[in-house]
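There are two complexes below, and they share chain A, which is joined by chain B in the first and by chain C in the second.
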Partner chain A sequence: MTRLRAGIPGALILAAVTVAGASAAGAGTITGTVTAKPDKYAANAVVYIESVKDSTFKPPAKPAVMDQKDLEFIPHVLPIVAGTTVRFENHDNVSHNVFSPDKCAGEFNLGTWPPGESKDHTFKDAGCAATILCIVHPDMEAYVVVLQNPYYAVTGSGGSFTIEDLPAGKYTLAIWSEKLKAEPVQVTVPESGTVETGFNLK
Partner chain B sequence: MSEQSHRAIGFGRGVLVLGAMAVVVGLAALPGLPHPEASAADPDTGAVVVTPVQGPSWLHHLGLQVADTRMGEMGGTGLAPVTSRREPTLGGGAEGGFRGAMHRFLNYFNSDRAKANRAFNATFELTGADLYRLNCRSCHGPDGRGAPPEISSLLDPVRATTVAGIQQQMAAKGRTIPDALAKQLAAQAERDIRDRLRNGGKKMPPFRHLRGDEIEALLGYLGHLAGVPGGDRAGMLVPQSAARVGEHVVKGTCHICHDATGPGGRQAGMMSGLIPSLQSFPHDYSLNAVIHQVESGSSRMMGMMGGGMMGGGGMMGSGSRETMPALPYFTEEEVAAAYFYLSEFPPEP
Partner chain C sequence: MDAKRYLPVLFVLLAAAFWQIRDSEALPSFARKYRTSCQTCHTAYPKLNPFGVAFRMNGYQWPGPIAEEEGHTKEEPVNLGAPAYKKVFPNAVWPGGIPGFPPVAFHAKTGFTWTDFADSSVATFNRPSLELLLAGTLGEQVSFFVGGDLFEDGSVKNAELERFYLQLDNVGGGALPRHLLYLKIGEFIPELTTYAIDRTQLTQTPFAFSTYSPVFGESIAGGGEDADASKPARGALRAAAAGPALSGPAFGLEDSRLGVQASGMVRGRFRYVLGLVNDGTGEASTGAKDTFGRLSYKWGGMAYDGSGGSGSTRNWAERSVALGVFGYRGVALNPEAVGPRELDVRRAGADVNAYWDRLNLLAGYLHGRDELLEGSAVRKVSLDTWYAESDVVIYPWLLGIVRYEQAKADGFDIARRVVPNLTVLYRANVKFQAEAPLDPDDLELDTVLIDMDFAF
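And now, the complex of A and B:
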């Protein structure tokens, strides 16, 4: 099981998150690049605002989708807001199973189902990176990263990310990667315009 | 159904007519699945129940041409292994087991049909390894790895049927799994594999001719292939007859490519690409010819000559598989059992 940001002391988190949540002032953008060793881990990392204080975010009405095709989960990494239902589809030629051994996701098992059908699971608790597995195809692996708020981005192949429409204020920007780690950074989002930052995953 | 008509194009009028016949026969049988319902041991006599093969080939059912698939040709070149089957077995059973039964059957075939019949239906025992070889090996290979992505490996799905296998898989990923979840997953994987054998999958045919005890023995051997504990079913022996062995070979292997009924070897010999029906074998080929064909596969020569004589020749050098793969892992007695199963239990449309 994977708890997000296990290494960061609680006091630091509290001190860092002093968000201007109340004032509906302007909104800015965070952009940047992630580097990693090995290089391939720069992609498919989730960059996210750790917590927007005093705010709750409703999950989307429509389920998020994780598909299964050619013996792979697509996407490989799926960030969602807590409470979101994920629809696990099967557009492969074979039956698939979906389960997660992670306690933070409820150690669930959705059974096995044939191509063309789907099953849903709702991820309740933020702060969980749930490993998604298929018991009949052990090479298949994916992650559902459950977050407190919708201000997140998955890095592209070059490691770049952009988080838009973020209310102005100070935030802790964190990163999750399936294999590597990096310390969170503090960012101040302007009323309008862009702030640049970056991570070096090790 | 486009298979024969497609292949016949360019081979001249006579061939086209035969091709059309094949299409008609295939169409008539298409709605049914190629495997009939399960046969079971007779509750009164305890004799092994055997039923005829029915309907179109599995490739025909899928609309696949033989060149487009690895099905049926994954059995490998290894010879039939020394089996651990017990010979002779069961009280009142066949003296000399399967081999003895087949030899007595052949001895009496022309002189005493009652004795021949008794020999063909006398019971002895086979192992799960034998059942795997007769039913599964031509697609999943000698080691169970199949030919992904078309033919799935059965090793991981079988490993998933035991808590130990699941724990091994998770340990390989550097993680652990709660016992309750592992148990639940193992039970589900066991249900899934039984469901797969009974109902087939998108590409795998259903194996409804397998009895409950045969499935247990087979699962025991699959566990052995996958390196997980087989429990009670490891090394299990199940009652069989020579007729039943023939049924396994035909339904589990031959019927992948050969329709039960339809045009036979006499026509097919002249036509590159037409696969003779199972029904035609005892009429159109000698037993020795069939044994030779199964052991060595058919050479491309006949097909190429056929095409050339018809003025086609377009198939030459296409590199596609048009001929029968060699299946040297069947013993001569097993091929003979299949041959006489086809004459004693005539295939049905």
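And now, the complex of A and C:
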């Protein structure tokens, strides 16, 4: 089981995945910092390995969770492995709706449900950053970023990220941000130890 | 009777009449929004520095990409719809926003006037006025401005809304080049002159360029037994010595108009303005529509879209030249009981606005042709006005201004004056001014205007 740790407290994402058919769990780490202009977009960016070749990654059995509370989606950005089911919960004191206008996510609409209930949706296609909206509260917005593999991290408020337990090798490290862009970078992950890199979002 | 004796009276009357009409665009609400000083946009409010001009032309938003506006905004707006709702359109309302705090600002002023007449002098403290200003953005591509006097001349009963408009910024989104089209709808001052665009006017005495009408020539006509025979009589505006006086509407370029104005920039340095407004009457409209337009180009310095301008060591200093041409064509409601209902108004002119470090030189020439009434008959009267002004930043808190301007009607001098002014910024939002309009023929000090105003 490969355990991923993302960012710093305030945007920690923990994902337990079962790696099947891949090389043995590694001990390499990628760490770094994302900068952005405006500064606020350095947080909540997803840094990820674009593709691990000749590998298949099973989604976790347990659903990932996105909650709705105080008229906000929590978390604002949720990266998952393709095939993962996301459970949309409602712990607010009003009814909420969940839908996505994005074709890659199937343009789904889960309907509206009261507090205390939840609905599931499975995101099948890697490479899709699905916008999540609430038709009842147009100011609510979140993203589910669907990836090929479990090697990813969400940046914290300072823009820092750490991706652990990577097998050694050469990879393309990419970044997703809801508003800005940066080019991918090539990284070489050692058998054990850390490689540092970064992104400047514009 | 020496007509020159009455010139100071005219200066005082016109200054008193128009000093309240001159609109302010010093907006402390922007200082609050961006947590920045007035000096970011103003050389001395309301005069805009080159960055302030770009900010204003960009719909009261930080010039440059949208990210610049977001990055510099310290007071977060309230989103009316998440930005991602743009993907849902047309199945949802396009997302917008409102300012995070009420974008209210006030501009208060009072002053002191001293006037020396031939046989007496009068010194008076002026009654205060208070102007309300609201301006800001409603999301990325909509801005607004509301402004008017709450108290004028010390009395609330003179309150008047003078500007009230919505502006659609960067119309067309990605379909049109950025900055190509801005649409202003409501009541506004047509952007015809260079100083209407960058709010250059710092003097209390308004530009004759904008305010003089041939009909004023009659009011100071000095014909009669004491007229100076060596000069063409101002009374020549009259049809004959015993003829009727001229009357009719007094058209002003800087009067607010109701209508729509399109403007835009190409490559940041070429700017156009086109407008369609109610006729040039003011309160009562004939139903006819006036049209106006302006073209301008700026060389050097910061472009109108905020690009360029690097290397300046002061945000109010640059080296640039902007040339502009403009025209206005319309009608005005005849206020008299005789004659046609509508009288034609025509204006055309050109101006230049040049910066050389701390020196700002402006000049303009205007030709007009108005239909006025001579008795019950319509008479076309030409107007030629020109001005040249020099603004010098002595220190960032001390500006010296001097303007020469002249107006002629049908070739005869209506008025000439020199307007020297000293402006002191006691604080970024507290200003004192001393001004003394002079007759260039004798340069005799007979009127002094002292102004104090502040904005918050």
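Going forward, the second predicted complex is superposed on the first by the 176 of 202 C-alpha atoms of A that agree within 3 Å, B and C clash if a C-alpha of one lies under 4 Å from a C-alpha of the other, contacts with A are read in each partner's own complex, and residues count from 1 in each chain.
Rule of thumb we're sticking to: a residue touches a chain if its C-beta (ideal position, glycine included) is under 8 Å from a C-beta of that chain, and two chains touch if they have at least 3 such contacts.
Not measured: the values here are computed from a predicted model.
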{"item": "When chain B and chain C are modelled together on chain A, clash or fit", "value": "clash"}
{"item": "Touching partner for A:P101 - first (chain B), second (chain C), both, neither", "value": "both"}
{"item": "Partner chain in contact with A:N109 - chain B first, chain C second, else both or neither", "value": "first"}
{"item": "Which superposed partner A:P138 touches (first chain B, second chain C, both, neither)", "value": "both"}
{"item": "Between chain B and chain C, more extensive residue contact with chain A", "value": "B"}
{"item": "Contacts of A:T194 with chain B and chain C, given as first, second, both or neither", "value": "neither"}
{"item": "First (chain B), second (chain C), both or neither touched by A:L71", "value": "first"}
{"item": "Chain B versus chain C as contact partner of A:N93, first or second or both or neither", "value": "first"}
{"item": "Which of chain B and chain C A:D39 touches, first, second, both or neither", "value": "second"}
{"item": "Which of chain B and chain C A:L180 touches, first, second, both or neither", "value": "second"}
{"item": "Residues of chain A at both interfaces, chain B in one complex, chain C in the other", "value": "101, 131, 135, 138, 141"}
{"item": "Partner chain A, residues of chain C touching it in the complex", "value": "67, 70-71, 79-85, 87-88, 92-93, 95"}
{"item": "Touch list for chain A against partner chain C, complex", "value": "37-40, 101-102, 131, 133, 135, 138-141, 179-180, 202"}
{"item": "Residues of chain B that touch chain A when the two form their complex", "value": "149, 152, 156-157, 160, 166, 169-170, 172-173, 175-178, 180-181, 184-185, 188-189, 192, 201-203"}
{"item": "Sites on chain A touched by chain B in the complex", "value": "70-71, 93-95, 97, 99, 101, 103, 107, 109, 111-112, 114-115, 131, 135-138, 141"}
